[in-house]
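Chain lettering (A, B, C and D) follows the sequence in which the chains are written, and residue indices restart at 1 in each chain.
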Amino acid sequence: MQPVIAQYIRPEVVAYAVFFFVLLLTLGGALIAVIPKSIIHNVFGLATSLVGVAGLFIYLGSEFLAMMEILIYVGAICIAIVFAIMLSQPMHLQIPPRLRPKVFFSFVVSLVVFISFTVMVVRTPWEQAVRTSNDWGVKRLGTLLLTRYELLFELISLVLLMSIIGAVITAATASSEKAPGSRDGEEDGV
Amino acid sequence: MNSLTVYLFVALLLFCIGMFGLLQRRSLIGMIISIELMLNAAGINFMAFNRFLGPDPAVGQIMVLFIMGIAAAEAAIALSLTLALFRKLRSINIEHARDLRG
Amino acid sequence: MTAAFPYLSLIMLAPALGLLIILFLPHDSKRAVRWVSLISAAVSLLATLYVWQAYDRMAGGLQFVERTLWVKSLGIYYYLGVDGINLPLVLLTSIVLFTGVWTMWDLKHRVKEFFALMLLMVVGVYGVFLALDLFFLFVFYDVSLFPMYPLIAIWGSTRKEYGALKLTLYLLAGSALILPGILYIYFKSGLFTFDLVMLAKAGLAPDVQYLGFFLFLFGFGVLAGLWPFHTWSPVGHVAAPTAVSMIHAGVLMKLGAYGVLRVGMYLCPQGLIDWAPLFAILATVGIVYGAFVGLAQTDLKYVIGYSSVSHMGLVSLGLATMTLGGVSGAVFQMFAHGIMTALLFSSVGHVYDSTHTKMIPELGGMAKVQPRASFFFILAALAGIGVPCLASFWAELLVFINGFKVYPVLGTLALSGLVVSALFMLRVVQKTFYGPKNEKYAGCVDIRSSMIWPRAILAGTILLFGLLPRLMLDTITVGVAPLVELFK
Amino acid sequence: MNPVAPSDFVLWLTLAAMWLPFISFLTIFFITRTQLALSLAVSVSCAAVSLLAAWYLLLGLPAAQPPVEFKMLWMAGAEARISYGFLLDPLSRLMLCIVASISFLVQVYSLGYMAGDDGMAKYYSFLSLFAWSMISLVVAPGLLQLYVFWELVGLSSYLLIGFWHHKFSASEAGKKAFVMTRLGDLGFFLGIIVLLLHLGDLSILKLNAQAAAKLSAGLVTASAVLIFMGVVGKSAQFPLLTWLPDAMEGPTPVSALLHSATMVAAGVYLVSRLFPFYAASPDALMVVLAIGTVTMLLSSTMAMVARDIKQVWAFSTVSQLGFMLMGLGAGSYFAGVFHLTTHAAFKALLFLCSGVFIHHFGSNDMYDIARGGGRRLKVPMITITIAGAALAGVFPAAGFFSKESIMGALAGLPQPGWLAAGLAGAAMTAYYTSRLLFVLWFPRQIAAPHHEEHGHGEAAAHSAFGYWAMGVPLLILAGFALVLGFFGDGILNFLHWGRPPEFFHHVWLAPVSLILVACGIGLAWLEFGRKKAAQAGFLSRLPAVEALFANRWYMDAFYRCMLDYVVYGVFSRLFTLNDRRVVDGGVDGVCRGTVGGGWLLSFLQSGLLQYNLFTMVLIIALVGLYFLVMH
């Protein structure tokens, strides 16, 4: 039995199987993230898909990014989304039915985009550029981030900082502004 | 598994699924989720080109890192807007937020 | 000839300076605002009078020229100068501005903004009349149009938003034809200069002139109240406050005719020759039509508005004759009509301010109640129907003679418009100022002694140039003669 | 005869005669309006100086003096050069004298008549303006100057007719006068332009001497007829005659001025002024003759039924003006001018006398005046009779001679119809004049002497000064009306510079016309004069005809209709509708279209985020596809 199995568990076969599994995670997760009505299912789908993407990153040769993907996306953003759901969308409320035309047209448009990009992908003669470096190491990444891409790095930090401050302010002022308005809304409700 | 086209294709699928979601979801959070998908598709593309075509493997990775940073910022803003919108409208259904109607 | 002292810049910049000072004055210092406006207007007037008397009529041509390169790469010059054509119009502007500011002395509501906008508008008007560079001319043209909107919409009456909007849209539509026209000329001339004199000297190809004149005719024609693009004028005049009506009907409408003359006819003489029949027909229709429509109006200001349409038709007819007499008559008519309409509006403004109505059937017998206001109105109305020894008679005489000479049928029709205009003006005078007085308005006060002066200046101007037309015509003829040479 | 430049004395004298009234107008209107006495003094003294100057110019210059011309450039605009100046030839000297005299007398008369009126100073300033414009018209050396003052005469009569403008009828009449004469002036102006464009110079002397040689016959006729349109308007000829009877809404002295020497005389004066020019075109003369005849007959019929004393005189003015034009049209320069002269005297007198009655009794109706005891006012009663006799053409009053000369001219025409019309007109004139006089002389019931209704300003009217201010002009004018006829030959010689043309006297004519006049008077006696007369004209037995006459042959109604239904009803309304609906509506439509389009497009701005995304993505995708497929 050993050889039989071993016959199938060749490294490349395993690699393919895992690759397909990763693809399945990515695309299937994406579908779950988009299609079900329940928002919490969507978040789980997103997380699944992101794990898949992390896998793809490994296949593409960057374990570091895979780790980051899981840390930032799955760890931070998905959790943030879950928090947002808890704060904003009561799960017990009735979810309104879908509008069929909307779904249909969205599908068509996505399809058109898909087709156009597919045509592009297929028709473009991809050419390998001359390799100047083959170092996939994290060390080089860090060096580059603090030398050649320093400005960009600082910029992105700044953007992050500002966006977080902005987010805090938006959320905070909206609540304070809302105070009288929401009371009105409640009175209306009553 | 070792061809650029496969990765590009996967990324494209992911992108289109995200776009589909972005266009048809009513929930603002659903739309944010879809945007994350699309951003990830872009990331896959970067990595794929990095792997198969690019001159220097570090560049693509750095780009993806930046995308992640942007995505984090975007998510923070978008989620705070969601909260603000919810406080204003008692709903995060994007079809209710149409004050800009002409 | 280069003037040692830039009088023309002084004329133009005195209101601008006044405007600046006003902007820095506190909001509630109404007296200071009025005085600053009046003084800046007076400075302009005095400078204009100096230029008027110092202009060498024997030499003719452009004088007091100021020319500085402004943007070299585009060929834009800061280029001012006066000749016999724009000198009367600058004088007109100065007189109307001065009297207009004085007439609005009693304004209470948002004084600072009103005078600031009015001065801004006048800076534009001076700019158009004085500038000899197409770029500056166009910029000033728009500067003079924009303040109309707030001036009417804020301080106006009777459907003021509607009138303001209509007027602004119409005039901007006109501008939208002028700008392409200017650019078309600019590029087609091959000189890449906006210098009007250089462009005119260079001469343009006939087909360029054909299209160019068409654009200028209708672009500027809108502002000149050319039929059928005239309906903004009565509506706008009715809505506008007194001084704005004065400046608008008195001066701004002349900008249009001046534009046709200075830009259209100067640059595209061949174009005018091609378009002259249409121009003359529209002008004549305007004359007759304006008079007939004026006959049916019941609102005093509407009547004046339509009489303006009729009279500006005369200006257009004069321009379309392409003769020395006709064009001189048209320029003279611009001046005379400006003064006359300003006087009409300032008198009606007083009647309206004291009675709060300008509906003709409600008024009556105002000559007994307000003899001064009535006197000024009747004088101006008589000037309007071409009574001799009042300024516009001579202008009309010249226009009709040459109109008849060049277009016998149209000239005759236009003449018959004169009878109708007499009928409707006298009808207004009779219904409003004569007849039994309406007891409701018996207690209304007449014009105060100090407020007589602005009206008296206008009335005096009408009489002066009516009795001594050569004062004006000799200057105009000097300016028009070289222009008319282009049509031979 | 070539004109000569004036000597300094004549120059200043003429300028004084021309300009003093204007100076008086300016002074009174702008400076001394509030001080009545000063204003009156200024006005009357200016008029007096002007009068003296005019008389000197008439009598003091040598008889065979060639025309004196003085010109300075008033306005020069290319082709149209208007000179200002004066031309003194016999005609203008004679007319100048008439105008100055009548306006002086009217000013003196008004001292009494207008006493106590609020606007008396203003009234005097207008009178001065009137005198200035009429004098400048009379001495004008060129047609354009004449036209300018022609219009000013129209303006001053507008101001004076509508002087009591608080009365609706007065302001209406002023407006009517202005607009109707304006209508005629249209033709006048066109005629001037035609002449100007073909001759280039509108000097009256040159025009008279050279027009026939320089212009084609058709052109002369056309321009002469066009100019005659102005005369039709100004002199109230058919068909523009209806404004004159209304114009009596003005103060009576104004009517006197208007009807005798200024406004309406200007028309006849113009034809006489251009007589050689008219004579160059027989067709134009025929038009003048025909219009004159029609007017004369029509207005005589109207005068036969009018009850209003001023209206009778107004119609008689129209008909006498018709007579003058008939004389001119028949080719006799002298007859027209002579009748103009005598008419000025007796018509002014008639109006001034009537003014006394109106002033005294406060009524215009001749029966009211008669019943009030009009015949007790001796001076006006006698003078009005003299003037009436002159009007009727009774020997030896002035009208007889001048009318006789017109009949003589008519008798010279090949067609006898004109003469017949003229004689019929003379008979009718005699009839309506004596009708009025008999009514005044032989009232049926006389009210008690002290039961009088007073007009305005009664206190002043009864003062001695007022009485004599009004009485003296009457006496002076009566003197003229009586004796002027005997100066006919003198005027004839004067007008033709001492070389009178051959003039036919028809011996049989005077008796015939005298008999006809007598018939007219006799008929009036039968109906109005004798004791048993019912004081109702034979026309009252023909109600339809009477109504026709009393309604002025329905000409007023016709004009009213034209004005109401054609001008206001059709043109004005249609144009206004067009303006509101079509032109303005079109513009508003464009605006509404723009707004509507914006509204339609605003549905694209649904506010739905996904919808915007959808569109954006779709378009990007399609553009992408397009490029991919193309390349």
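Just so it is clear, a residue touches a chain if its C-beta (ideal position, glycine included) is under 8 Å from a C-beta of that chain, and two chains touch if they have at least 3 such contacts.
Keep in mind the model is a prediction, meaning the values are calculated, not measured.
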item: Path length in the contact graph (chain A to chain C, fewest steps); value: 2
item: Far-end chain from chain C, centres as C-alpha averages; value: A
item: A-B compared against B-D, more contacting pairs; value: A-B
item: Euclidean distance of C-alpha centroids - chain A vs chain B, Å; value: 6
item: Gap in Å, rounded to a whole number, between the CA centres of chain D and chain B; value: 95
item: Centre distance in Å when chain B and chain C are each reduced to the mean of their C-alpha atoms; value: 63
item: Geometric centre distance via CA averages, chain D-chain A, whole Å; value: 101
item: Contacts with two or more other chains, residues of chain A listed in rising order; value: 102, 105-106, 109, 113, 117
item: Residue list for chain D, restricted to those that touch at least two other chains; value: 610, 614, 617
item: Residues of chain B engaged with two or more neighbouring chains; value: 19, 23-24
item: Topology of the chain contact graph, where touching chains are joined (line, ring, star, complete, other); value: other
item: Contact pairs between chains, per stated definition; value: A-B, A-D, B-D, C-D
item: Residues on chain B engaged by chain D in the complex (per definition of touch); value: 19, 22-24, 31, 94-95, 97-102
item: Chain A - residues contacting chain B, complex; value: 15-16, 19, 23, 26-27, 30-31, 33-35, 39, 42-43, 45-46, 49-50, 53, 56-57, 59-62, 64-65, 68-69, 72-73, 76-77, 80-81, 83-85, 87-89, 96, 98, 102-103, 105-107, 109-111, 113-114, 117-118, 121-122, 126-136, 140-141, 144-145, 149, 152, 156-157, 159-160, 162-164, 166-168, 170-171, 173-175, 178, 181-182, 185
item: Residues of chain C that touch chain D when the two form their complex; value: 166, 169-170, 228, 230-231, 235, 289, 292-293, 295-297, 323-325, 328-329, 332, 365, 367-368, 382, 386-389, 393-394, 397-398, 400-402, 404-405, 411-412, 415-416, 418-420, 422-423, 426-427, 429-430, 433-437, 469-470, 473-474, 477
item: Chain C partner contacts - residues on chain D that touch it in the complex; value: 73-80, 148-149, 151-152, 155, 158, 162, 165-168, 170-172, 174-175, 178-179, 182-183, 186, 189-190, 193, 196-197, 567-568, 571-573, 575-576, 579, 583-584, 587, 591
item: Contact set on chain A toward chain D in their complex; value: 102, 105-106, 109, 112-113, 115-117, 119-120, 123
